[in-house]
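Just passing along the structure, written as structure tokens.
Naming follows writing order (A, B, C and D), and every chain is counted from residue 1.
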Amino acid sequence: MEFGSDNNAGAAPEIIAAVNEANAGPSPSYGNDPIMDRVRQKIREIFEAPEAAVYLVGTGTAANALSLAINCTPWGTVYCHPLSHVENDECGAPEFFIGGGKLKLVQGDHGKMTPEALQTAIGGTPQGDVHTSQRGMVTITNTTEAGTVYSPSEIAALSRVAKQYSLPVHLDGSRFANAVVATGCSPAEMTWKSGVDIVSFGGTKNGCLGVEAVVIFDPAKAWEFELRRKRGGHLFSKHRYLSAQMDAYLTSDLWLKLAAHANGQAKRLSDGMARMPHVKFLHPHAANILFVSMPRQYHRQAMNAGAHYYLHPFSASLDGPDDERIDARLVCSWCTSDREIDQFLALIRDQG
Amino acid sequence: MEFGSDNNAGAAPEIIAAVNEANAGPSPSYGNDPIMDRVRQKIREIFEAPEAAVYLVGTGTAANALSLAINCTPWGTVYCHPLSHVENDECGAPEFFIGGGKLKLVQGDHGKMTPEALQTAIGGTPQGDVHTSQRGMVTITNTTEAGTVYSPSEIAALSRVAKQYSLPVHLDGSRFANAVVATGCSPAEMTWKSGVDIVSFGGTKNGCLGVEAVVIFDPAKAWEFELRRKRGGHLFSKHRYLSAQMDAYLTSDLWLKLAAHANGQAKRLSDGMARMPHVKFLHPHAANILFVSMPRQYHRQAMNAGAHYYLHPFSASLDGPDDERIDARLVCSWCTSDREIDQFLALIRDQG
Amino acid sequence: MEFGSDNNAGAAPEIIAAVNEANAGPSPSYGNDPIMDRVRQKIREIFEAPEAAVYLVGTGTAANALSLAINCTPWGTVYCHPLSHVENDECGAPEFFIGGGKLKLVQGDHGKMTPEALQTAIGGTPQGDVHTSQRGMVTITNTTEAGTVYSPSEIAALSRVAKQYSLPVHLDGSRFANAVVATGCSPAEMTWKSGVDIVSFGGTKNGCLGVEAVVIFDPAKAWEFELRRKRGGHLFSKHRYLSAQMDAYLTSDLWLKLAAHANGQAKRLSDGMARMPHVKFLHPHAANILFVSMPRQYHRQAMNAGAHYYLHPFSASLDGPDDERIDARLVCSWCTSDREIDQFLALIRDQG
Amino acid sequence: MEFGSDNNAGAAPEIIAAVNEANAGPSPSYGNDPIMDRVRQKIREIFEAPEAAVYLVGTGTAANALSLAINCTPWGTVYCHPLSHVENDECGAPEFFIGGGKLKLVQGDHGKMTPEALQTAIGGTPQGDVHTSQRGMVTITNTTEAGTVYSPSEIAALSRVAKQYSLPVHLDGSRFANAVVATGCSPAEMTWKSGVDIVSFGGTKNGCLGVEAVVIFDPAKAWEFELRRKRGGHLFSKHRYLSAQMDAYLTSDLWLKLAAHANGQAKRLSDGMARMPHVKFLHPHAANILFVSMPRQYHRQAMNAGAHYYLHPFSASLDGPDDERIDARLVCSWCTSDREIDQFLALIRDQG
């Protein structure tokens, strides 16, 4: 019963198989491997972006930080949601890679910035006043950290605000596949057709070992990305193993199938919990993450029986009154089984 | 006939097998996987350093830049050889991670700093004068970029100079195993017993897919390393795949066996070339890298027949007079075969 | 009628005289001038801090950014008020000098953080979790940007929160003298006796040409400050001219007299405006800055007749309906005259 | 007998007078003072550069570091002489402001890079290879740190090399006036007519209190300069005092007159020493700095009698054998008197 994180899941068999296969014989290093040529081609097709520059790195933090660094000056402001990964979960990687930038928090319910709040935040950054950090760029997370999903039109609404100020837009898509599956839109609709300039296209959480693509729709910044990637220590010598993962991930819609499974299992889980009056959902759920609240006793039952997931905040404890409500995050992955879900549901069923 | 780089070689079967094996079931993320506990234990044993802090990253540049960053202030000077990887091959990663440091070049033949040159360089950096970059640290590469090897006593001699000024010493060991095999010393003798404070212990070039350990003998800097690693985007979520590589690498002396093969094949190659009067060796060779010079015609014969290796400088060309001498670097790896070597030797044999 | 900024005022005659006097003959450079010895001694006496390290720089942004940089790691969080100078008016200097730090905004009315909000902010930064920016330090502004003043006991309350987490406390005292005069406390009570570790002690706004002292109560960080100052381009070669300003500023309580004048004139101004029903005060005022709101027509009358001050926000306009209320900031300085105030009061008197 | 540094000299009477005069009444802050308009105009005229952007800062290190930062990417290489101020005397300010750049040392006798060495250095930086720091920019110092002077044609020869690689050229002119006087060329000939893109135009060492202008011939980088200046803490609030210094400096050729005096006194000094067989000159001298060698006894006589200047290296001592030769630097300033020189010459005259 693993609902802790999609990072705790292993890699899909097809991905592992591709890594094994890539191992045969010598191969050019540092991204010059022929598998990378295939990856570049596939991503361009999937995103309907024949000019896009495509790069691979090993972690989502690297993908995000490098994406921000090539789009934001050191004195620029990155507009992001308070719950975003760049703000909360990267130990200041954006500030480090940008060279001392500033993240400005843009509110919105359920992990989603509103266009109005974004407008206020950007508009409230004085233009042409040397005393303040300048307007920089916008970064949107989809699937959000709250497990919610922006539709393409919602992204387009944010991008319109950004574009009104000529600011580039980044999409942190560490769970991009889950968002695409949840909305049913195309990758192009989720990104450049909605005004997104650069994407962190995640693989790791969705069945890879460790690979994220950065897709840059305007290739003018490509060389700078390459330099920053190398300088950041993120250019892999035996790059073929990153390429192989991504290649398999993109083959026969594997990336969509894995995400569809994860989303589907989250739905199975939420359907089960929705029938329990002691469970409350904290956010609308559309992808593979659920935030719920239930009395402590149910958490205790589940966790003591081996269910693994995180209470929110991390400092929450199983010790305390039975009926005090505690929040929790439950994540399904590409390999979450029906059995895990049903077992968990049985554990938190009201025994009354 | 692959002599281009040990980065062009694949991964050893044992390493790939371990990655496959690690894939089963869920696992804690971000370095909390149980395999990492084994790795930590093994490295401490191999280095006879029960207190050492041990971390894994995906690239050698990351290992080096993070190691320097925790040991050198932003206004510090890193003393290194002009041919070192940190100076030439990392696109300024040390300066970036240190926060604007300065690398000062310390001369010495065949890729090896001399203690005298190091003494002059450190001594020549004024102490307590706010106008200049300050004394920072020393970094030594072993196996060197010239394919030569420092003995433990040579490293100790450099460390003694560093210690005289209370400077920490880093060892860039992207080819650490080759140096250990070449000298016959123990890892401890090569490092802390010779005054080294922190090591980039390479796996990638010697049969892994992509993993380098950083071994910090004084764990006081461990937490800072963790923060800088995360902030640099170098903490892997599915860390188990790094752990699994390193675990297999360290099992049953695999790391030494792979390096012994690479070194042995380089010896086979050099023995063959030593019998050819038109071949000159540019550096003493003790590990898995040879630098040679021969008339262009032989390079042409070899490369046209499929031998892959790099001319020095990169801009050198196969076009030109037959008898003009051109330098080249030849690298053997854990999987270089007798057949590749013999085939290459046949190609460059004097047909006269 | 200059109420725009105390930065628009010139220098006090005593300060200018000291600069002239310092010009005679040669003098050691880079802070080794004998006048600096006097300055150091005087500041130590005034702050009752015989061990304090004392340095001079030319701007308040430099004083602040360097003070933060020696007290906060690159991955640290600086807790500050949303209206603070470091957040709003330094174009990211703190982030730049710190090497990519994060400023976290701590709310509170009238420009003053509350201990409760500070507790929540620091406590809400997870400890020992490598994923987030770490707890760093606290910076308090006194006189605040809202023109209000923290009492020593209010500062002590904030410091107690900081100390509970072992965080250093910086005081941005670009208008330190105004706060001391307003509260009647001693410099020591305002700072180290209330838990402050380092102070930007402003001179420029209060009658100097351009000089700010940094007072470091624990001299352990002194050498790092010197290096960062030099490296930041903030060590003046002809340092005697900074020293001379500060020396005169500290002689015969000049700094307090100048601030008392500025505060007194602000009181005269506010007393006059308090009798006008169309004027509203936006913040309590205790020092030399008033924030007021009044219908546009009064601003128009005053400004058209030559009064100089800033509307808030800067984008507010004199064009528009007469009776719409517009906010403004009015600043008195060491040289604001009775005549300027009376003339201004006459202009905004209700003609009805 | 002050020959230690032109930084030890005070300010010229005209400069001090201008500061006094600028003090009257209120003035716009942060560079918007009307005196700055005059300064801008004068510099454009003097440099025959009607489009140039002109900014003032308080120190030479700030002028240099900001000039480099707007012309060099963080991964760029700055080509400079080993004796240059940016390499030796700024505690890593260039690396800090650039964001982790690399300085590559270009040799040449007497403090002057040769075009051949520059060609080799730039050409030796691989182009389009992501592994190495990239080609960045060239910085030339005139008057050099060795007291020698580049002629405009020598600067043009260096610039031609830079331009061949499309690299910008910076001139560190902390002693620009001395070089102009020494060569008899115009400011335009020394700079943009010889291919220089940006100049640190020094005032401090030549009779100001503390002001350096940065002259940017292509104003496209002007806004970035303003942001970096603010962010570096180098935008002065009471900017009028910088403006006033520079305004007086440029009025009635004062800057040239002051430099002519300094250069002339250095010639008087060298003429006197040239008649003494025990004195050797270490570099050709053309400006206001002499490097000489003489037996220790003469240094001892001079210094014991009150002459102030620096031995080279700083660690050299007056204690030791009488006849051992010791190097020294002697600097004349705008206010060095005939009497100081004659007194010094008398002291070092051979008594034999």
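Quick note on the criterion: a contact is a pair of C-beta atoms (placed from the backbone, for glycine too) under 8 Å apart; a residue touches a chain by one contact, two chains touch by 3 or more.
Computed from a predicted model, the values in this text were never measured in an experiment.
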- Query: So which chains count as neighbours of both chain A and chain C?
  - Reply: B, D
- Item | Least step count from chain A to chain D, where 1 means the two chains touch | 1
- Weigh B-C against C-D on C-beta contact pairs and write down the one with more. C-D
- Query: Taking each chain's centre as its mean C-alpha position, how far apart are chain C and chain D in Å?
  - Reply: 34
- Could you please state the distance in Å, as a whole number, between where the Cα atoms of chain B are centred and where those of chain D are centred? 42
- Query: How many angstrom lie between the CA centroids of chain B and chain C, rounded to a whole number?
  - Reply: 52
- Message: Show the residues in chain B shared as contacts by 2 or more other chains, in ascending order.
- Response: 30, 74-75, 90-92, 96-97, 99-100, 130-131, 134, 227, 230-231, 235
- Note on the structure: Listed in rising order, the residues of chain A that touch chain C in the complex are 74-75, 88-92, 95-103, 126, 129-134, 314
- Note which residues of chain A are touching chain D in the complex, please. 30, 73-75, 99-100, 130-131, 134, 224, 226-231, 235
- Message: Show me the residue ranges of chain A that touch chain B in the complex, using the header's touch definition.
- Response: 2, 4-5, 7-11, 16, 19-20, 22-30, 57-66, 90-93, 96-97, 204-205, 208-210, 227, 230-238, 241, 308
